[in-house]
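Pasting a structure below so you can have a look.
The chains carry the letters A, B, C and D, assigned in the order they are written, with residues numbered from 1 in each.
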């Protein structure tokens, strides 16, 4: 048995960070050696998260690169936009492996980042160096690298639903429309009126219409896979539930393709990948069917009346859309089986 | 003061029926004289709906046309698909006014009805006679008639969001894609695993993809307004909340139109109609903002990158999508002010 | 027809205030002439509450006693603890009628107030002057006065469930234990981690155990009605829903009393009061059965095994527990029928 | 490494059964060799539970004792009341180990069972033989036996909160009042109007007041631990959430005891038991803090004013209240570490 790798988590008091703790505690090759928070260093993490009582007794560390270097081999950055842009390069320079769960290194163009994120971008050198860890699509590129940019939650659900068809040229990229919905945990633990229970319970609403920062991330990947520039319409909505993302994706089919054709194309594309499950003909998944797990479930409906295909893709935003895929990327990076520590069943009901 | 009209409600033990009771109790010109249920006649309605205790002390009547004729002037049919097709003609022949909340008379073609509803259609004569009561669009046609077919919940939200743009020729009808979401009350009071709390709570799912019976209803109206056959993609989803429908509508804009252009077009179109509210530039409504009320709120976002407009339209499915619009139609039919008995504020939070 | 009374609402941007707006808009004898907020004067109220679009077009006024005096006859104070203690006396001195929805004038002892509320109490003179408006119990005392202290939400549900039995001497006051539960709107619109959707959804928790400021209010009334000092155990819990309070009340029965005895006692006590509904033998109410309405529904179960009675009492915390009872008190104060503007049906489902 | 034990699950299509599958899939010493359903044998279990797609590919077996005997060593019975009474003896006679999750063997008196459950009781011989598996209290008795009756969900939360104080004689057993609340999954997967989403969402209600079948189970244990007959008041409520049970427990303290005294008593009592966590002074747990896990968290508040202690105890009803404790009992029965396969973190948020 090899020595476990030592992991630090920056942003441990956010939902992404605390889910990394849950997942890494079950990982056979990882020891969590530092939980880090810039806001409340010195406090036991279980004070703010009583569910961790007697499980994680650690006190939160400050964000201190030499300290991290002394305690860890790999660092997960579960930080708000704009933080990793500065921090990740320092950690890399210190010789650490870095998996960034924030959006700071997903876009290859600093200019595009600044336009959509309204933050100063990271240095081009590091934008270039970061490998975009959409595990089922770019898993090979992740293997052995030191710096991974973990995909966004919406892009993960959306791109896993789109890439095989786009790559195969079966749909017209210019016609893609994505209607995405997320549970409220996607907005994080920061307080806001939108996420105040009495406001969002028994409510459904669209937000950031045509302005969401995940648009350029989706387009960057689709453009690469289509071999041409792709512009899409992408809308995000809040659902009065805690976890789950669903993308309903529309596109005009090129040529004559049936449901069965799509099923076969996708099953072939994701063959051997344990976390993408294609539903049988006539079925589309609900978000609850992947709740608490690293799965992405996908279903199809080709409509002869309109010539369009409707693709439904669901994930748990906190797992496959954040912490779970980050662990999956760690596994790939380290050369371990991609499902290590992640092979658990969705929680139902 | 005129004599109040006497109203009977068939299907009083469904959600549409019981909401009609709530609304009509506040109506100054209506007396509810018979609450009718085929399943539990003879039982006090408050037994099954304790919220009506001491408010409605009536016992449920059976479905009996002469009895209805003796007790009522107008009949609301809040019945499952397939029932009104037979019942409405009998009631009309008996000299009653009829407002049908079911889908049995919305489609002008019996053949199309049978294809999508899987029920035997009503006689052509009555399909022709029924006036489609989308109040803000066809309100003039409703005035003075005896037989109204009340629009479906999804079509109401969707068509109010689309008709002005389609009629004006501002969007390409062939590009319309509608992504609609509904609270669970839309599925009615009949038990099913899908609506079992532990299955749909903390869940979001698409259903009847490309198969929903509201598709031909939407297309029938859009085709009429566009002056050409319109085929659309329309998807329905369940949201873990009780009330509310949201339609996110996508279409390619013809010519150069701004958000302001759309706002002005819609404000002009709905001028004087009390129940459609257009949101200011940059804002789209959430379902909670119309909860419990007869309003339909609409917002826009034109995207220069894609050349598409995103239209967001919300209603309370049980009010504007069923019982409220039925009362509005009664008002129009009777020549009363369209807001009579409906001018109340959404319940918030 | 008499001139309508002019009403001002201080704290219009809280949930109690905005519900007062909803209710008073339906009241035939009231005009809302000023909506007031100390935090955002000068802003249209519909900006923060889009559900009021086109319904209330008013801009928020500042808290300014002469301005209020010039615009209103009666003032509702829906302010946080500690505000009304100072403001109410000024408004009364200016000749206004005042209905205080906050807790500042419910306790007759300033010392007790300070202990439980941790705020400086109002002057004794005004504590003495305020009439405690538990409408179904002290309605006669409210008639014609100028200054009403509206009961708390939990005390309303609890006391309506207890007073008849305590007054009749049917239960031993020393044995009373109250287990109360509230929807999250009861905590108001102020942001807190406890009310953050992802934290309280799919959660149930007790809070302020043995420390809730409604304890002395309940004890003050019970002591008065029992004719002896009553000390109770009272626990509050948050339920992942927006509206509703349920009190499950336990006490040892004195003598031999059946369910029927209790039903009869309560029906007699509340005879002629439109908003208390006693459930039939064997039935207890759920909160949804009074949702959005001014009703308080009560049910009983006497247990021969234990010699205890279990009393279940439910209200909508925002209506009967705040704004609705305030309007009911206005009606009583003004000599109008107590149900004026409040005779609407619960919203179901 | 030892040979894994082969497990069969009768009632695999209920919530308890499907949770057993989730937990046992992670258990290092167990193979699930038969998933059994009387209602839909022959069908792949993933058809009805799509979250199991590609995880459990088994087809449901019928309830057939020789077949079970050929496939399994231990049988979990997650069946409705009345089924195990007949089935468990047959399985035991066939030489299988049995863990019954239903209520059929919890009460030692068949007469009491029949009174509360309204089913024919099991034979006295088997009632006597079944060991009541409240793991943290009777774990020693479970070791090595063949037949375990797994405690009910409410009793588990309640008794873990009460036994140390009752056994120590610190509270007066005659004064115990238990106000318990459960998520809706506790009512199972069978359809009912009570569990229909639109009826129970945004609702809170008491049910089976003074009639719940868990009352005699709680009293049986308390009587044993108190060394005298204990009669309690116990009320159950439904909370609009899927998982979680909270018991708020009231009792009069004997002698002078502080919060710290209770904390110490309970910490000592549960020393070395991994799944009971005692909260620090001044804190009580919410249900979400144990969500998806096998923990039972407990907090206290002694009130000097009333002389009572309030004890708050929470569990996940599907895990610690059913499948998780059953696995814990399997571990104890087999002589394995009690936390085997159960040492995972609650899912938060």
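Here, contacts are C-beta pairs under 8 Å (C-beta built on N, C-alpha and C of every residue); 3 or more make two chains touch, one makes a residue touch a chain.
Predicted model only: the values in this text are computed from it and were never measured.
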Subunit A to subunit C, fewest steps along touching chains: 1
Contact-richer chain pair (by C-beta pairs counted) among A-B and B-C: A-B
For subunit B paired with subunit C, centre-to-centre distance based on mean C-alpha positions, whole Å: 36
Centre-of-Cα separation between subunit D and subunit B, whole angstrom: 46
Where subunit A and subunit B are represented by their mean Cα positions, the distance between them in whole Å: 39
Sites on subunit A at which at least two other chains make contact: 15, 183, 185, 198-199, 201-202, 240-243, 285-286, 288, 291, 349
Residue numbers on subunit A that touch subunit C, as the complex places them: 15, 183-185, 187, 189, 191-193, 195-202, 240-242
Residues on subunit A engaged by subunit B in the complex (per definition of touch): 177, 179, 181, 183, 198-199, 201-206, 209-210, 231-233, 235, 237, 239-244, 246, 248, 250, 284-288, 291, 301, 303, 305-306, 308, 310, 312, 349
Subunit A contact footprint on subunit D (complex, rising order): 15, 18, 21-22, 25-26, 49-55, 185, 201-202, 242-243, 277, 279, 283, 285-286, 288-293, 297, 318, 344-349
